[in-house]
Each structure stands twice: as C-alpha cells, then as structure tokens.
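Two complexes follow with chain A in common, the first pairing it with chain B and the second with chain C.
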Partner chain A sequence: MPPKGKAANKPKANERECSPKQQPQQQQQQTSSSPAPAPTPTTIAERSALFTDESRPFESARRKSGIASLPRDAQAACIALRFARLPAPARNRLPPKSQRELWRHVNDASLPIRALKRNYDYGAAGGWSFERYADWAAKRTVLTCLEGASRVFREKRESEKRGGSDPVTGERVVLTQGEIDEERGRRREMAALRKELYGVVTGRLEADPEWDDVVPIPQEEPEGALATISYLGEYAEAISYLRAVMVKKEYSPRCLKLTETIIEMNPAHYTVWLYRAANIFAMKLSIPDEIQWLNEVSLEHLKNYQIWHHRHLLIDNYYPTIADDAEAVAAFGASERQFLQQILAEDTKNYHVWSYRSYLIEKFGLWDVPEELTSIETMIDEDVRNNSAWSHRFFLIFSNPANSTPGVAATEHDPAAPAAVVDREVEYAKEKIALAPQNQSPWNYLRGVLVKGGRKLGSVEDFVQGFITGLGSDGEDVKSSHALDLLAEIYAEKGDKKQAELCLRRLAEKWDRIRAGYWEWRKKCLETA
Partner chain B sequence: MATTSVTVPDLFCADPAIRDALQTPTSVTQDETLNSMALNLNARAERLRYNAHGVPRLERKKHVAFLRKTMGPFPAQYVHGDASRPWYIYWSLAGLNFLGEDVSSYRQRVVETARVMQNDTGGFGGGGKQTSHLATTYAMVLSLALVGGEEAFEVVDRRAMWKWLCALKQPDGGFQVSVGGEEDVRGAYCASVIISLLNIPLDLTADSPAWTPDGSANLLSGLGEYVRRCQTYEGGISGQPNAEAHGAYAFCALGCLALLGDPRQVVPRYLDIPRLIAWLSSRQYAPEGGFSGRTNKLVDGCYSHWVGGCFPLIEACLGIDEDDNKGQSPPTQEREDGLNLPAAPETLFSREGLVRYILGCCQNPERGGLRDKPGKGPDPYHSCYVLAGLSSAQHQWQLASRWEDEKEPDSAETIDDPVWLVLPHLDGARVYEQEDLVRAIHPVYAIPQQHQQAIRSYFLAKEGF
Partner chain C sequence: MSENAANLPEELQLITEAHVKYIQSLDTRKDDYEYWLTEHLRLNGLYWGLTALHILGHPGALPRDETIDFVLSCQHENGGFGAAPGHDAHMLSTVSAVQILAMVDAFDELQARGKGNGRAQVGSYIADLQNRQTGTFAGDEWGEHDTRFLYGALNALSLLGLLHLVDVDKAVEHIAACANFDGGYGSGPGAESHAAQIFTCVAALSIAGRKDLIDIDRLGRWLSERQVGRGGLNGRPEKKEDSCYSWWVLSSLEMIGKTHWIDRDSLVAFILSCQDLQGGGIADRPGDMVDVWHTVFSITGLSLLGYPGLQPVDAVYCLPKSTVQRVLG
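On to the complex of A and B.
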C-alpha cells in the first residue's frame, strides 16, 4: 500500500515543479481555510515557501486555532497525515486494519505524505529568478554528466595500470592519446563549471589527467605552528604534488615541468632546485638546453642564490663530457662568459655571479683566455671602485696554476708568482689609484700583489709619498688615508717606529678617525714587531 | 622632532676627511645614500627621541611588538619565505630575547613546529617535508635553545643528525649545506655550532664522503684548513675559496674556528689576524658609523652583527689591555704559533659610531622593527642582527683559562669549552642611555650564553643518543 500512496503523490510533485504558476490556484482548492491568495512568486525562495505551505496543507490553520477548530474532513486529514508520516516501524504498530484505512484515506484525499522543510536555505540563489536557476541547474546536469564520463576514464586508467582487459571485447585496456586529450578537455570544462557553479577552484594538476596516479601530500601544520604562510592555492597544490613525487623518487618530464612551475612562484625553494637537478641527471637531459632555460630564469631573479648552485651542479656534470674536446671547452667557456657579462652588466657586484665565475675559470682552466682579463679591465674602467672586479682579477692572476703554488694562502708570499706579472700588476694598481686615491680597492690590490710577489712594501714608498705632504706639519695634506696606512707599514718595515707612529697618530686624529681604535692597536703592534 | 640642544660630533655628520672628485657608479650610490640619511645623521629624524648626544632612545616596546608579529601567520605574498621558516622563528625569538623578553612561552609552538620540519634522515628543512639544510637546522636548533627546556631539547633526533652531518662532511674539510648542495663557510659555521650545542659525536660514519680507512678523519678535521683557504688577499673572508671577502663570512669563519678549540690558539693558527683586523676595521665608515659588508659597498644594519660581531671575538682572542696607552702590553696569552700580537686597546672599533648608526638610522620609529638603513623597511632578519650588533657595541668579552678540574675525562672527543666572560663596555664616553642596554650575546653562538650553556650541558650530561 505505501507504493500506492507514493504513486498518488508523485504526479503532483511533478506537476508542481513543471507549472509553478498554477500553484496559488491549487492551494486555494486545498486549503480552503487560508484567507488571502499568496502573491505570485518570482524568486526561488518565494516559490519554495509556497511549496512548503502546500506540503503542509492544514498547518497554518491548525497552529493558529488548534485542530478542534478545523472542519471535520480537515481534522481527519491531519490525523491521517500524522500517522502516515511516522517512520514505518512505529506505524506498523497500528493494527493491519487501521493501516489499510489510513492508506485508503490518504489516497482518496490525495494527501501529501512528505512535508517540505521550512525556511530552506538557498543562500544567494534564493533571490534568483526561475530562469536563472534553471540555467544553473542545467549546467549542474552537464557537470554531473562530465563527472560520470571522467569516472569512466579514471576506471579505465586504473584498469590499464593493472593490465586489465575489456569485459566486452576481452582486449587489453589501453588508453589512446585521443582519449587522454579528450579527458584533459573534459577536466578543463569541469573545472570551469565547478568554478561557475560552486566557486570551487580546481588545482591545475588535479585537473590534469597526467597527474591522476599521484596522491598529493598536502602541507600539515600542527596547532599553533609558527611562521606559517597562507599559500595561494596553486602553490600549495604544486608543493603537495612535489612532496608526493619526491617520496616516490620519480624522475620524469612531468616532474621537470612541476619544478619549473614551483620555481616560477618561489625561486628560493632550494629543495625544488636540488630535485630539478636530480631529474635532469636521471633522465640524462641536455645540459646546454637546461643552461639556456636557466639563463632566462637568472635574468629574472638576479639576487637568487639557488640558481647559481644549480648551474654549478650542471657544469660539474657537463664538463667531463667535453673535457677532451679543447674546442668545445673554449666555446662553452666563451658562451658562459658572454652570459656572465650580461648579468653583471645588470648587477655589477652580484656575489653569487662572481663566485660562480671564479669556479668556472678553475673548472675549465680558462686562466689564460685573453678575453677574461680584458672583460675585467673593462669593468674596472667603468667603475674603478668595483671591488668584485678587483677581487676577480687577483684570483685570475694569482690563483693561475702557472703563477702559484698550491696551498699558499692568499695573504702569503708565493715564490711561483712571476716577477714580470707582479711588476705589471703593481703598475696597473698604481695607475688606477691615481684616478681616485681614496679608493681602497686598488690599494688593497697593490698591497696584496706586493706581498704575493715577496716585495718589500717600501718598494712603492715614492709612489705612496706622492699622496702625502708635510706630515705632522702645519701644511699637512693627505690625499689618501690608505696611502698613509701603507706608509705606516713601510716605516715599520724599515724599523722607523717614530715615523710609523706619526702616520698612525695622524690617521687616528684626523684622516680616518672612525678607526681610531684600530690605529691605536697598530701603534701597539709597532712595539711587538 | 627637531631638537636644538643636541650636538652631533662632526665625525658622525660631516663629510669624511678625504673625498675623491672622480665619480663612478659606486661613489654616486654612496653619495645618494649619505644624502638620504642626512636627517638621521644630524639627529633630526622624525619621531625619534634624542638625548643630549643626539642619539635616539631604543624604541624597545615598538620593536617587541614588531617581533611578536614576525613569527606569522603570514599572508600569501610571503611565499618566498617558504624555505626559510626556521629563520623567521630564530630571528624573531632572538630579537625578542636580546630586547630582554622571556620567550619560553613560545616553547610549545616551537616544539610543534620543529617536529614537522625535522626529517627522519636528520636535520631540519625550511618547512615541512623539505630537504634538510644546515642553515635552517642552525636556526631551528638555536630557536630550541632560546625557548629552552628538556622538551625542546629532546625534539632533536641526534643520531639522525649525526649521520646527516657525516653525509655533508666533505674530504676538503668543509660541509655541504644540504646533501648535494653548495659547500661554503656558512655551512662550516652552522655545522660547528650544531655539533657543539648538541654534543654530536665526532666520529664519521663509513659512508661519509670524508671518511678515511685509517679512521683519522672526523667531523671537525680539515675545517680550519678549509676556512683558511677562504681568507682573501684583502684579509677578509670569502664564502668559498677564490671569491671576494664578505662580512657575513668573516663572522662565520671566526665562529667556526672558535669552536675548534681555544680561540686564542685556533684563530691565529688558520688566519692572518692583522690582515683580518685591517679588513674588518675598514668596514666601518664615517660619518655613517655603521659597517659595510665589502670594500666599496654601502653600510647596512645587518653588518653590525656580521662585521661588528667579529670584534668581541677578536678582542677576546687578543686579550684586552687593561692598562692602556702604556705601550707595554702584558704578555696576554701563550701563542703556540709564535705569534706576537699585542692586546687590543680599550676598543678596536668605534662603539660610539656603531651605536649611533643603529639607534639613529636602523630604527623604524613608526611600526617598530629594525632595518638596513633609512628608507628601507624593517624585517626580522635586520631586527635580529642589528640588535645583536648593538649588544656587541655595548659589551666586552674576554676569554679566561679553562678550569682544568672541570674538564670531563672522556670529553676528548667533544669540543673543549673555553670560558667566556662578559662585562658591559664601560670605557670611554657612553652616548646611549643605561635603559637602552640589550642583553649580552655570545660572540660565537649568537644567543645569550646562558641559553647556549643550558642546551650544551644538557647534551653533555646525556649518555648515548
């Protein structure tokens, strides 16, 4: 009997959904006791309220004045509905005869067995027009269909992975590229619909059938974790897939692409750089191609640290493959130099770039390539105060195996430094000092060269004296505190403590007062020398 | 707040005594920088409270408020910090601690955060499930030391840490910063600090790249030689051999060497001290008073620590001449290398200059926090290291001889602990207010000594892992 009751109600339900405009009429027929006809609904929420009233035909009257005040047929209907709406086990406690009567009554009076919930929350959609809602619902249907098709695809993929066969044809399941492309398009459509219908953003990877087999490992932060960052969806998703593939130690084109995506968003993520390098080496990808890619990234992120270590790793790996080919080494060295010059033109003192440059020279043995020295000279000509360029010059000349003994410290005399080279560098430094005598870079260089070459500091005394006039006298003039500093050392070297002390005193009193404590200590050094 | 009664010595506000006429990009940037800080140098910056010396008060409350917010949660644009999260924790906690705050209330949160960043294979990554890195491990271990307590110390998986350090140790003595990562002085320093604080055994595992069949190599062997190769012709230290001398690496090099034994012996054994001091001293500029990181580069508040923080260590190594200006230095320490260097004078650098730069140029008077220089925004990195620099300017450290009887019989394998003593620096004119003293910070570990001792003695007392 319950099926009958259901059947009796069903057409009504359909009818209501299809013809909302007839509702007020019906309502009038059914609830003769309701006073005024409700206004024609124009929104989803209004129509819903109407349906709810309709599913509870005697409720308003009963609530208002109690069941006793209702007409007799309405009272009977109320009681019948009360029992009909009981859960089956409770209802079955009625004697069978009463149950039969109940259903007969419900059927005859066409009573609505199911009542709608009051004040259903449609959210923003409550204010929508029927047309707009219908459009939304139609899209929802499309999404449901797509999801169904997508599930079929996933099942097929699973089956393919298991090596399963088609239950109809018995053939082994193989996904075609066409099917994969179709699924990719489908996912795009689904993502767009989800966004439109529910405002849910689907991750790029989640939407990509290529990543179906990876279960992402999302970031888990304990309660009260410190220094947490509210990542944007795309970054969070990419990182959670990164964790998953790193755990699997997967090295594949899709992983390489993933590292690129993350690097674009956060180039400071050292983990992803190391993993990228591992991918390149595992797949034996072309190093020059990677360097080409890296060049572009480097120009975008000038201050980044990881980029240069990545390059370092690439070169360590690449060099042995070309080491025997002098031409290839030279060509590669030249292209690297060209790129380094380009990047140093943008950021002339970039520490990581200079460090990499010295590494490259050593690795490739580019000590005697004339362009290297020329390009450094050009940089010094452009800014004689560029200490990075000076440092590189010192390295290029005095770490050259032809000019140096392994294990000799930078601040020590090296007998292997050729006299001609030392002479040349002393002259070079002097020439640059003359341009701007208070520039410390060439002074440090000059002193460094003299020590390296085992020369007496006094060998440049005349030059140094040229920047100092009338020391200790009324007409005292000093063009360079660094000259005065070196002069103090020259006097100390000669054993002339008095003059050395005078230099240091004048530095502390007048020419470089901020370093008074240091000059004081230097004076004490004269005693112990 | 223009004040009329203050006078700033011309050394700290006028042009330097010597200036070259030649203009190059470097000098143009330097001149622009000086112009942009002119108000600060002349004690005329807005919203700072100057004393009669033209030195502003330390805006302690504002800096505390700022640092309480730099431990997150951060909005999405902080994504670049995703691989440095332990650093944000260390900088903030350290800064708060230097300002006199008690940070032990953060213990539980540091512990929880550290747990998810620790890898089973040893060490801490920059965030959850990231590759372990020496820098982030250093920051995390120091953070645990700062919040203190057994629960915090016990977070560290020391056995895994030891194995991981062995994997990073290179045959040339240095350390890679992560497996397959770069090798530099920073890594050498961070590893030494970690080994010391956690009392990690020095033996190498057989799969360490530095392992030798004769068993002679250990975690610290060759480290001094590695650091030595990083000293440049200028006297400063480069990040790796053959690069330019840079302030941050000077601190790392000294800190690393200071943990290899008695710093008075070890530091001069591996470095040319007179050249290093010359270079360090050249980093302080007038009129700014602050330090630059390299020759011909601009001053930056963070070098108050990286360069400024070298002086307490150097002064402690040289010994400080108590009876100054007599020209007769007491025979300070026995120098096994036959080095004959005099004790340091009352100070080797201009403490006044550094204090003026820090309080006058590095404070953000609006929202608190400290910075590189006027015109730059405050951040936890600069806040931490500027305050550490202030501490170096305000204190003086000395090394005392070890009490032999306290040396444990089986501590031969661990690092010998020299005894560090600290006093507020009292000599000369003090230009800042007594209330603006910050805590004394250990010259090697960059945290107060009590925190360093608490964690180290905890692990020294522990049997096995």
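On to the complex of A and C.
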C-alpha cells in the first residue's frame, strides 16, 4: 500500500487525507499544463504515479533548480527527510536530542519517510479502475484461501496413503466421498479463479482429485527436429495423462473415461482407440454396451476410420462367445443391420460402413437373412446410382456359399450359380437400367451377372438395342453410351466386326468423346481379333 | 503437352513456387487446431510433403538432417514406426518412414541409428504383421486386414531389399480374391471396387511380378470410366470427381499401360483449376480448402501426365523415379 502521505486538496481523492505541503509539486505541474488542479487519477497506474510523487516531495523542483531555490521550510523538510531516510545505524550517530527534533519535524510536517519506487509496472492492470482492481484483489484473496484448503486436502490424502492417523483424535485418516466431492468443487472454483485472475488454464484432469496420483508425462520433442508436436491446452493435458497411464498399463474405469474424453476431442487419434480396446478387454466389460456407445460416436464422426477398426476388434472378440447360439447370432446380426441402416442413411456410400457390412455377412453367415436383401433393394430404390449398394448386392448373392463354388473368383463363370438366380438378377438390372439408362452401376452389374451365369452377352441384345435408334444414320439417337458399348461387344461376340466398329466409332466421335483413346484401342482389338 | 494445354489461360499454369512455400509452411502451423488433430498422420504428412517437393524439383526445401531425426524419433523398439513420437507403431507410418528415408538416401542412417539391427528390425516388424494362412497383412498387432497394408508391406520390404521375409505368393493369392465382377479391386474380398484400393492391389501385384493376374481390359475400362464431365476423375461410379484420384486412377492405368485411355488435357485443366492461386496448395475440387494430401496426389498425377517441369514419378512406389532407381538399382 502507498504511504499515507498527505497530498494536496483534490476533489474525489477522498481516500487520501489532505496535505498542505505540496506547493512545489503543484508549481511544477502547472508549468507543464494550464493553471488547473492536478488531474484526478482514474486508473491504478495514474494513482500510483501520484502516490509516488507524493512520497518524494520537492524532488522535481529540487532536481530542476537545486535545493537553494526552495522556500526555507521546504529546504528544512528536505534535510529532515534525508536524515529520516538514512539507515538506522547511520541515523543513530546523531545525538539523541537531534534525533528527537528530527522526528518531531517529520511528524509535524507529515513527511513521507519512505519513497516509492518510480515506474512500477502493473502490466495490463495499470489501466484498470480502482473498483476493478479492488475486485481483482478480493478474488485473489479468495483463491489464496481456497489454495490453503486444497493443500490441507492433499496433505490429508498423502496421510491416508501412508496410513497415517489424526494427531488429535488418533483415528486413522480416511477421506470421505463428501470431502472428495467438496475438493472437486473447490478445484473447479480455483481453476475458474486462476483463469480469471491470471489467464492460466488449469487442466480438467489436474482439477480432478481422481487423477491426483498420476504424474502426467508431457511430450518430449527431439531438439530441433522437423514436424515437432505442439499441443493446445486441454488436449495436451489429456494426452499427457494418457501417456502416464499407458506406461503403467493401467486398465480402469477412469482410463476408459479418459479415452472417451480424448476421442471426443480427436476421434482420429489411433493410439487412444487401441488403448480403449485394451481397457475393455482387460476389465472384461460388456461388448454390447461398448457397441452401443460406439454407435453414437460413429454417427457423430461419419468419415472416421478408427471407429470401424475398433468395431472389428470388438466383434472379433465377441463373436466366439455367441457363435454356438444361433439365436444370439441372429439377434446380433439384426441389431447391427439396424445400426448400419441408420448410419448409411446419413452417408449412403460410406466405404468403411459397406466394407464392414460385407465382413459382417461373412463372419456371421447372414447370407440368407431376407432383410439383408430387402434393405439393399430399398437403398437402390432410393438412389439407383448407389454403386456401393449394387456392389454389396453382387457380393450378397454371388458369394453366398449356396450359390457359389469356393475359390471361383468374382470375375469368373460359376456353374454353382443357380439359373433362376441369374435370371432374376438379369431382370433386376434391366429394370433399374430402364429407370436411368446412363447409370453405370446396373450396366456393370448386368455384365457381372452374365459372366457369373456363363451367359452370352447376346442374350440381352434386344434389351440393349432398345436404347439405340438409327445408328450411323441422320436420326441417330443413343439413350446410353453404356448400351452402345455393350452392343459393340455383342456384335464382336457374333463376329460382326463391321457393326461393332460402327458402334465404337460413334462412341469416340459423339457419345463418349472424352474416352476416345479407349474406343480407338477397342477398334484396334477388333482388327487383330 | 498438346496444343490445347499450351493454350490454357495464364492462371491455369502450375504455380510451383507457391506450392513449395505452402508445403514448407505446413510445419510452422503448430498453433492451428488442425495441426494437432492430424498428429496421427504426421509421418504420412511428411512423406506427402516431401514427395511433392521432390516431384516439383525442390528436394532440398525441407532440411534433410531434421527430417531424418524426426523419422527416427518415431521408431519403436520392435522396429515399427508410429505416426509421431509416442504414437503406437503402425504399418502405414512405417511405410512412410521407409519411403522418406529412401527419398533422402538415409538407409545408412537407419542402419546406424535405428532401433535394434537397423533395416532388418524394420523388416521383421513388417513381416510379423503377415497372416501366414491368408497372406494378408494387418495394420498393427491388433489385426485388421486391408489391401492397403499388404501393398505397404511389399512396398517397404522391397525398398529395404527384404521381400524374402514374407510369403509373397500367399499375398498375391489374397489380392486375386479381392478382384470384383466389374474388374476393380476392393479393400478385401467382396468389398466394393475403389480406385485407391485398386492402386494398392495393382502396385502390390507389380512388386510381386504378377501383373499377369490382372484382367487388364476390364480393369482399364473401369478405370477409364472414372473420368467425368469436367475432366476430373472420381474414385467410384456415380461419385464426384476429386483431384487425388488423378493419382490413384492414373497410376493404376500407367501400371497396366493404359494411361492414354483418358483425356489428358481436360484432366490437366481440372487439376490446375483446383490450385489455391494465392496461398499455394491444391484442393479436391476448385474453390475448396487445400491440403497436403490433395496437393501431392495432384502433383504426382500431373507428373504421370508429363506436365512440363516436373520430375518423373514411379507409378508403383509413388516416389521419384530417381529414388526408386537408386534404391532398387
């Protein structure tokens, strides 16, 4: 606090007492500005400067013109102050009577016996109002009290760990849940105050008594290395605790919670997912519960790959426990399908989801579950251009052990594919092509089915011709370049090179010019065939 | 380049200097939220950036010593590399580490300063991830299998001269089982054909010397169908075009000798239109935010298209041809 020096009469400066001995200072101020009372300080830096001046009376005038220029009483005051401010041993060399006179003089004139340091640096707070500063200081006091209480808590916890006993009652020290909850609240309050007072962010985990026994391991970076890692705040803290518990190989509910915290902030963090899985398996937690949790996370982070990796791991561990129970397998398959439908509704072509779906069919043997085919049909009905759904349909039907020979590739004829199934799929593809003739997916599908069934391409010639009118003539119309492409192959299959060449030429010239290079190559193949 | 490309408007030229600056700046953005969110890709990111710089003809734009130090700081005792220090070892980051070290010619540093017995340690980490029954590779000790990992394994092992550590025939069998009815390949048997997965399968077969297993006509046809209206390529039928498929589709076409089945000029124009003319870098589509992934795969794509001034890229390894020649001889 500034000394209670008596300053000049100034309006509003009512927290100070008045002082009659300020003429030299006032004179000096008046020389630098128009004759007016000294400005009233409004910020703590201004007030501090004023207090500093008051604690150094006559200083500026003396510096300017020398002590001899001052009025006589001021000169006396200067001398008195000089002695008064001497260190005690030096001052004590004065005879006792002189000392008494000195103090009387200092007292009568209310001279400030300590001089404040000039240019005290308040930082940003220098510009604050008194009220604001007072408010800040009061909060600082609250924080100090809280820190004291928190220290008591930590000491008690240490004592509990050591098996210590209360010095008064002699009872063993045990922290109650109430005390822990109270401490948690206290730390929250402390964190809020530290942030407000000093701008210091306290980590969530640092503020949680549950984590007191873990010493976080911050990232060590190789000196000057490229791509050094820099973290921000809360995330950095969480990761440093993650490292610490991973080193200890701790698997516990709080670790599981920690992984969730990190995943919320950064679901792409690969290591944290692995550690989460390790926790689940080590604690033998319910996998269906974890899947339930994962479903929600998956819906929030549609493009994330780690989520599907995690799901695979869970299923690989879960499947053996229900493999012998057909009902459980069916029920699980159904709940998975339901979830997949939900997520595909958000992102109908998500590659991870579709890959997982085919994995699931194979793993759980869900080939003949009617809902699987129905749901694919619904998806194709909703978007006939969904290539993922078409691809899945092909897999579902032609990789089904009932319709296929083991080891026969997807690209090969398979005698085990039933004729009725092949017929049905050819019709299905035709029906969908009719809806959008320029859609690649069903055309690719149709070719795939024909190969699978060992059918000639010519078996669909009538259908294909339906998309093409007057080829090579003035009234030429082609509703689908894919149809024209297939027609070229049909002609080649029949040995009609001329017609095949015409189809390819019209593709290169008009109907699919961007791939002219490809059509040229196809024409060359005709010649060499 | 043909006349069409030469007649492109001036703003549709490759702004090499700006791309170099953009890549150099990536490591200085440590206070970006984005930066730490992508930490699990740090080593891959370094590979992408460095490859782009090499192809742009500025191989020295990132400091070599620091590059090597960072790569080695990501290595684990078992020989594998994590994405960043403190991250678990993973196949994909291990492959990036090997590719980076190959590019900066630092296998001797790996031998001298790497964990265990240098190259061989890395080789054994990768080899241990192979499932000897199925031939597939997992991404890590936890076991998920994907053709990306299989390709990565063959890529890194062949660069290290350690392909004999794994059962290549079994791996090839697995890839053959991933072929789809439409001629493409997916991430596993039965998974939808996808241009990036096709790249991994075709490149793996190339390394294994088994391109004879590819139905070139059918695959080439599917790949060439990836080109859509504006000249850009998509990754699957009926999806939007995206500049990164310039690499996945083109490199696959290149490996089967069918790059001429697509229209080069319109693809070049599409890629160039994805550039950020102010800040450098290339986006997935014109006007979108740029990132290093789309930048590198656009630039390697342009290299395959013979864009003037670019270094030739190897379609199998996605490394400068000069690197592959130096390493494989």
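In this section, the second predicted complex is superposed on the first by the 317 of 529 C-alpha atoms of A that agree within 3 Å, B and C clash if a C-alpha of one lies under 4 Å from a C-alpha of the other, contacts with A are read in each partner's own complex, and residues count from 1 in each chain.
As a working rule, a contact is a pair of C-beta atoms (placed from the backbone, for glycine too) under 8 Å apart; a residue touches a chain by one contact, two chains touch by 3 or more.
As the structure is a prediction and not an experimental result, all values here were calculated from the model.
J.: Record, for the superposition on chain A, whether partners chain B and chain C clash or fit.
T.: These partners clash in the superposed model.
J.: After lining up the shared chain so the two structures overlap, which partner does A:L102 touch, if you call chain B first and chain C second: first, second, both or neither?
T.: After superposing on A, A:L102 lies clear of both chain B and chain C.
J.: Hey, is it chain B or chain C that touches more of chain A?
T.: Per-residue touch count on chain A favours B.
J.: State whether A:T348 touches chain B only (first), chain C only (second), both chains, or neither.
T.: After superposition on chain A, A:T348 lies in contact with chain B alone.
J.: Determine, under the contact definition given at the top, whether A:Q438 touches first (chain B), second (chain C), both, or neither.
T.: first
J.: Should A:K510 be classified as contacting the first partner (chain B), the second (chain C), both, or neither?
T.: First partner only, chain B.
J.: In the overlaid three-chain picture, which partner chain does A:D316 touch, first (chain B) or second (chain C), both, or neither?
T.: In the superposed model, A:D316 contacts chain C only, not chain B.
J.: By the touch definition at the top of the document, which applies to A:L457: first (chain B), second (chain C), both, or neither?
T.: Once the two structures are laid over each other on A, A:L457 reaches no partner at all.
J.: Pick one for A:H269: touches chain B only (first), chain C only (second), both, or neither.
T.: Touch status of A:H269: both partners.
J.: Between chain B (first) and chain C (second), which does A:K524 come into contact with in this model arrangement: first, second, both, or neither?
T.: first
J.: Pick one for A:I307: touches chain B only (first), chain C only (second), both, or neither.
T.: neither
J.: Identify the residues of chain A that lie in both the chain B contact region and the chain C contact region.
T.: 219-222, 224-232, 235, 239, 243, 266, 268-271, 274, 277, 309, 312-313, 349, 351, 354-355, 358-359, 362, 385-388, 391-392, 394-395, 398-399, 409-411, 439-441, 444-445, 447-449, 451-452, 514-518, 521
J.: Any idea which chain A residues touch chain B in the complex?
T.: So the residues of chain A in touch with chain B come to 217, 219-232, 235, 239, 243, 246, 265-271, 274, 277-278, 309, 312-313, 348-349, 351, 354-355, 358-359, 362, 382-388, 390-392, 394-395, 398-399, 409-412, 435-441, 444-445, 447-449, 451-452, 478-481, 485, 510-518, 520-521, 523-525, 527-528.
J.: List the residues on chain B that touch chain A in their complex, please.
T.: Residue list for chain B touching chain A: 11, 17-22, 24-27, 71-76, 78-86, 88-89, 106, 108-110, 112-113, 115-116, 125-131, 133, 178-182, 228-229, 231-235, 238-240, 242-246, 272, 274-275, 277-278, 281-282, 284-286, 289, 294-297, 318, 321, 327-329, 340-350, 353.
J.: Residue numbers of chain A touching chain C in their complex, please.
T.: It comes out as residues 219-222, 224-232, 235, 239, 243, 266, 268-271, 274, 277, 309, 312-313, 316, 349, 351, 354-355, 358-359, 361-362, 385-388, 391-392, 394-395, 398-399, 409-411, 439-441, 444-445, 447-449, 451-452, 514-518, 521.
J.: For chain C, which residues count as touching chain A in their complex?
T.: So the residues of chain C in touch with chain A come to 27, 30-31, 33, 35-43, 45-46, 62-63, 66-67, 69-70, 73, 82-88, 90, 139-140, 142-144, 176-177, 179-183, 186-194, 215, 218, 220-222, 224-225, 227, 231, 236-239, 258, 260-263, 266.
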